[in-house]
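For clarity, chains are labelled A, B, C and D in written order, and residue numbers in each chain start from 1.
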Amino acid sequence: MAKKTLGVAMIGYAFMGKAHSQAWRNVGIVYDIPAEIKMVAVCGRNASNTQEAADRLGWDGIETDWKKLLTRSDIDIIDICTPGDSHAEIAIAALNAGKHVICEKPLANTVAEAELMVAAANANKNVKNMVAFNYRRVPAVALAKKMISDGKLGRIFHIRARYLQDWIVDPNFPLVWRLEKDKAGSGALGDIGAHAIDTTQFVTGQKLIGVSGLTETFIKERPLPGDYSGLQASASGNKMGKVTVDDAAVFVGRTDGGALATYEATRFATGRKNDMGFEIFGSKGSLKFSFEDMNELWYFDNTEGAETAGFQRILVTEGVHPYMTAWWPPGHIIGYEHPFTHEVKDFVENIVNNTNPEPSFADGLQVQKVLDAVEKSSANNGTFQTIK
Amino acid sequence: MAKKTLGVAMIGYAFMGKAHSQAWRNVGIVYDIPAEIKMVAVCGRNASNTQEAADRLGWDGIETDWKKLLTRSDIDIIDICTPGDSHAEIAIAALNAGKHVICEKPLANTVAEAELMVAAANANKNVKNMVAFNYRRVPAVALAKKMISDGKLGRIFHIRARYLQDWIVDPNFPLVWRLEKDKAGSGALGDIGAHAIDTTQFVTGQKLIGVSGLTETFIKERPLPGDYSGLQASASGNKMGKVTVDDAAVFVGRTDGGALATYEATRFATGRKNDMGFEIFGSKGSLKFSFEDMNELWYFDNTEGAETAGFQRILVTEGVHPYMTAWWPPGHIIGYEHPFTHEVKDFVENIVNNTNPEPSFADGLQVQKVLDAVEKSSANNGTFQTIK
Amino acid sequence: MAKKTLGVAMIGYAFMGKAHSQAWRNVGIVYDIPAEIKMVAVCGRNASNTQEAADRLGWDGIETDWKKLLTRSDIDIIDICTPGDSHAEIAIAALNAGKHVICEKPLANTVAEAELMVAAANANKNVKNMVAFNYRRVPAVALAKKMISDGKLGRIFHIRARYLQDWIVDPNFPLVWRLEKDKAGSGALGDIGAHAIDTTQFVTGQKLIGVSGLTETFIKERPLPGDYSGLQASASGNKMGKVTVDDAAVFVGRTDGGALATYEATRFATGRKNDMGFEIFGSKGSLKFSFEDMNELWYFDNTEGAETAGFQRILVTEGVHPYMTAWWPPGHIIGYEHPFTHEVKDFVENIVNNTNPEPSFADGLQVQKVLDAVEKSSANNGTFQTIK
Amino acid sequence: MAKKTLGVAMIGYAFMGKAHSQAWRNVGIVYDIPAEIKMVAVCGRNASNTQEAADRLGWDGIETDWKKLLTRSDIDIIDICTPGDSHAEIAIAALNAGKHVICEKPLANTVAEAELMVAAANANKNVKNMVAFNYRRVPAVALAKKMISDGKLGRIFHIRARYLQDWIVDPNFPLVWRLEKDKAGSGALGDIGAHAIDTTQFVTGQKLIGVSGLTETFIKERPLPGDYSGLQASASGNKMGKVTVDDAAVFVGRTDGGALATYEATRFATGRKNDMGFEIFGSKGSLKFSFEDMNELWYFDNTEGAETAGFQRILVTEGVHPYMTAWWPPGHIIGYEHPFTHEVKDFVENIVNNTNPEPSFADGLQVQKVLDAVEKSSANNGTFQTIK
């Protein structure tokens, strides 16, 4: 029997658009998925730039108005890769138009927007919704989740999470859209802190119930970029603009499982390029992960005797590890873009099998509430904010 | 000219007493110090146990009443290795008796006690006072201090510090004195968090000006030990006692240099045996340290070009490194007890040269105020506590 | 102007065929190469298996007789992914038929075969030849090459290289084709030792001039596999066959640059999954690499003062690093298959620009001579074998 | 009952003399040994230098003629810390004089000398002999020995050993005694290669039965030092002398247990300060050690399932680990000099208990034969040399 064909349209074609394109292009070849993927169209405001992106990234056509995508019958899936300020409008319209929606994170710029998105998802149960927390599908992260579910850590005492980058340490780095609150919603907190929050909640199966935190903007003003076409925009002489998001956020919290948690998200960790990582300490064992070494998971087995116990480096490249059987032999590592392939594979399978993808918009809303609580706590001098 | 002789008496002979004895015994042989050290007496309540300790640790005699030590003319230095509840009384009396005092940390169990100790120190300027934050004299830590003083890190954005142990994860571990508030003052916070606070303030030259934190006692009740003679005491059947100190403390803070700081102190980090460590991120570079690899300091030089920049492992065993010229050739590491030797070496030099040792009681008081602020913040739902 | 189209045919579709397919499929999207790639046909003996592979790996058609490929005008490039015993026949015929040839390593099973291949390459200068030592195009390896060319290591004293795997430690692992001399030529030596030899000669710019070595077959007999369809074939009862290749080879040598070299290739390094690595020690600096952490290069700068000198971990993910500008932002790593994309990118550019690809068949022959010298030395009790 | 007193005399007081003094001074305090140690005398040619050393290192008296030591009744143990050319004469005379002898390694400068020493040991069974391969008593090394004895590695396939230093990379480093064949016997091979050989033979319980090797002297001439008082002697203008020992030695070999072995000893491994290390690969598991991280042992348990198997870092600081119960709590590391304390502790216990210390002079002779075979192989173009 011929496989069903699923037509995909992607909105936005910058960094995330490139990663998603790579995933859509390869998923059907790497995995034996239950549908044929057709990369129908990419959408952007400027026709010639969009066409150039379509050619480069492998999309069959383009649109310059995202609303047109919703009326096309050859499009089943809308993949939203735009800045956060447009997520809600696009996603809600797409769901109402009967399209499956996968949306980049953070789900929205505010809790209110995210709640509207969840409401739209609930009102359109015939189509699927997913928020693109891609780190959940790093094999080492998925393995961590499995090991904790299997009971290997016992009672969890501590969750230490961080997302450390350093790309704006230079005060001459320009004021790109990610540094403007009206477009990005928040700074390090929402852009990368959201990943650390979602990943550790996913792995531990525990939710944050309250937080106490501080945020800081180390460089208050930056040169305006000539245009917003990319992160590499150079400084435009002396015109300066105000940075309206946090450069860094740090917070402590408690989970519904009784653990103490610490989180740090910053773009000022000089020398740390993309260090999304965690350590989880439990009564029976511990786990440690860093995305800079994304194929490794470190495990301490506290049930082993003291003579030989020690943190062990699991090289997560074996056939028995999540998602890895489709790739290479043991010891042959995968890279940054592979978890996007895992993500769209699972999304497609959920669509065809009529099951609900995770993380859902509801999961995205919950993360949004944590971000909101951190901001409120910081604005209130660190006072503990309960998360409902 | 013959060297002056300095007589030392030590009060307490458990874990810290053993480490201090090793230092007093070797300092004059390893370093060319300007005095002859005489290990006059060790003091404990029980005569036969104390005599056994004197024989084992190399002390010439014993006393069972510490007040006797203060009247002896052959004793110049009082070394206090008792639990925190007795520090203030002994130290103040010793200073008033004209003895130089080196006191284990934390300086006292409360800010009020610590203030009295500082007052006594100020009132007795003819004798020296020092609080034994031994980690300051780990060569890698002293090198970190020097590198920051030399400007190698530029403006500091982040201080991430931790002290992670796991020796009471087992709920059957008994209720030893370190778990009782009236003896120990606090739990992980004061015992090991104090080290992380002092070390990072020392290294960065910045003080915490406020904190927001949470503490937790994961195991509320534990078996009573048969006696208090040591940490290895076994559980005594079913009799349980209440744990009255924190098992873990986590907090975020701000420094007078504008940095964001995060601290974690816990005895529930399964697999971490003695991980006192920090990462410091600055505009020109970064540093990383863990006591489990105490001979290493990791440095990222942000002024190097991107082609070759990377965290570099400085093996702090070269003759040019602090304190190391007295030990072994490059690549031959030192261990836990060596910084105690460095500490007493510096203390003796300060005494003979009539200069003021660091860290002083005043430094110990400042750390006590931070500990106090963390406890107050935790008791007030994480509300930011200013430190004066 | 429209780009030229290059038609590719691949012979063999096992492990290497999968990696090459991934490269051909993505190279034109990731890089702006000067030709359009068309994946014309994959070739295998069994039509249905080959068709299944074509569908799975993205090839437009199939052939079951490789000679047919040479007569087709829509095929410009022959990509040889078969076992070593067929390399010479296919490659020579393809070159003579005017096809560009990229051939998996080792180039051939004997020096004699490799010499015939080089002769054919020399006789057909209108077409290009390349041997697929893919590790040359790992960005960290290419960076090592550049740093040494730039003089960063000075005079080289030592080359320590290894390729460590453990996939046949289990004596019940079956007698697959890689363990049969008539198909594979040699065992660990030719399969993985060849990579270590080529990579280090490439990086240092020095050739081995003589070697002294030992080989060993630890497990002399193994169960016969039911068929040769894959490495995962299970043991077939009690029928045993003789292992006719080495399980491990170790040798020391001298280079034309005056360095001492050590090499180890083994499939019995329990716990090492794919550890192709090297350390190179020079008068001005040193380098260290392991393929299990393929995005890292460790560098010791001996011109830095002793206070801060140390091995530094270069995370080879910056835009300034070889091949990396096409991929992701700093800190976002790549995986095993990416260097294959780099390899075909360079091969295509050489074809279009009429320049000579490296490594060439002549480079492959030189490696074959080293392998041959190691085998001769081992057969002669370790006596030093000069390599011409 | 009062403990027996053992009087010790040490000959030589340079680097090794300092390490041995530290051990003799502390052993009775750290361990409850069955004898009282008295540091009677240190011996050197120059009276004032020797007196200075005695004062600095804690010896009660001095002698300037080692033969005098043998006539003194207050001396029971002779500790030989001189260059290798004097070992045989002193040790044989001391044994014949009824003194227990501990001798630095390598045991002698030639096999012939070592054989005479073993003969003297056999002829004087009333006194004990020991060769000071101190690395055997690094707790991590002793643990490795125990784990292999317990069967945790199964059949051993590979032994990879190395001793890497870099202290003479600078061609202006002077021609110290360690670079002269008549004093030192050999260069890197005998000085540090001997440690790697002894340690791995000890740990695996397997002996080398033959080797094939190469040696090299990279810098053929060096400035003469002004005097031989230490390694830090500076270059003395233009007068040059010939280096008569190897700078580096590399060899492969076979053991009586059927393993392949590789060894490297060099003083030209830029950036490696004191990296004595090994990896041992067996059917059931693997071990890895480096002296630069001497408190760690890495273990791969091949009997664990693939999902979680990985190299685990055993922090060898637990009470259950060899020699560690006398030192500090878990996570508190020891340093370079501690294994010397373990060594003299065991030596003293052997003396009092009338048991035979290991490693004995016979063990030292066996290592000498391996060194000899490597030199012969190198002189014969790498030809395999059998070791009897």
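One rule holds in what follows: contacts are C-beta pairs under 8 Å (C-beta built on N, C-alpha and C of every residue); 3 or more make two chains touch, one makes a residue touch a chain.
Nothing here was measured: the structure is a model prediction, and the numbers come from that model.
For chain pairs B-D and A-D, the one joined by more C-beta pairs in contact is B-D.
Taking each chain's centre as the mean of its C-alpha atoms, the one that lies farthest from the centre of chain A is D. The distance from the centre of chain B to the centre of chain D, each centre being the mean of the chain's C-alpha atoms, comes to 36 Å. For the pair chain A and chain B, the distance between mean C-alpha positions equals 41 Å. Taking each chain's centre as the average of its CA atoms, chain A and chain D sit 54 Å apart. In chain C, 272, 309-311, 315, 330 are the positions where the chain touches two or more neighbouring chains simultaneously. Residue ranges on chain A touching chain C, taken from their complex, read 15, 19, 21-22, 25-26, 29, 56-58, 165, 167, 231, 272-275, 291-294, 315, 317, 327-338. Residue ranges on chain D touching chain A, taken from their complex, read 143, 147, 298-299, 301, 305-315, 318-321, 330. Across the interface of their complex, chain A is touched by residues 157-158, 160, 162, 164, 166, 169, 212-214, 216, 218, 247-248, 250-254, 258, 260-262, 264, 266, 268-272, 279, 281-286, 300, 302, 309-311, 377, 381-384 of chain B.
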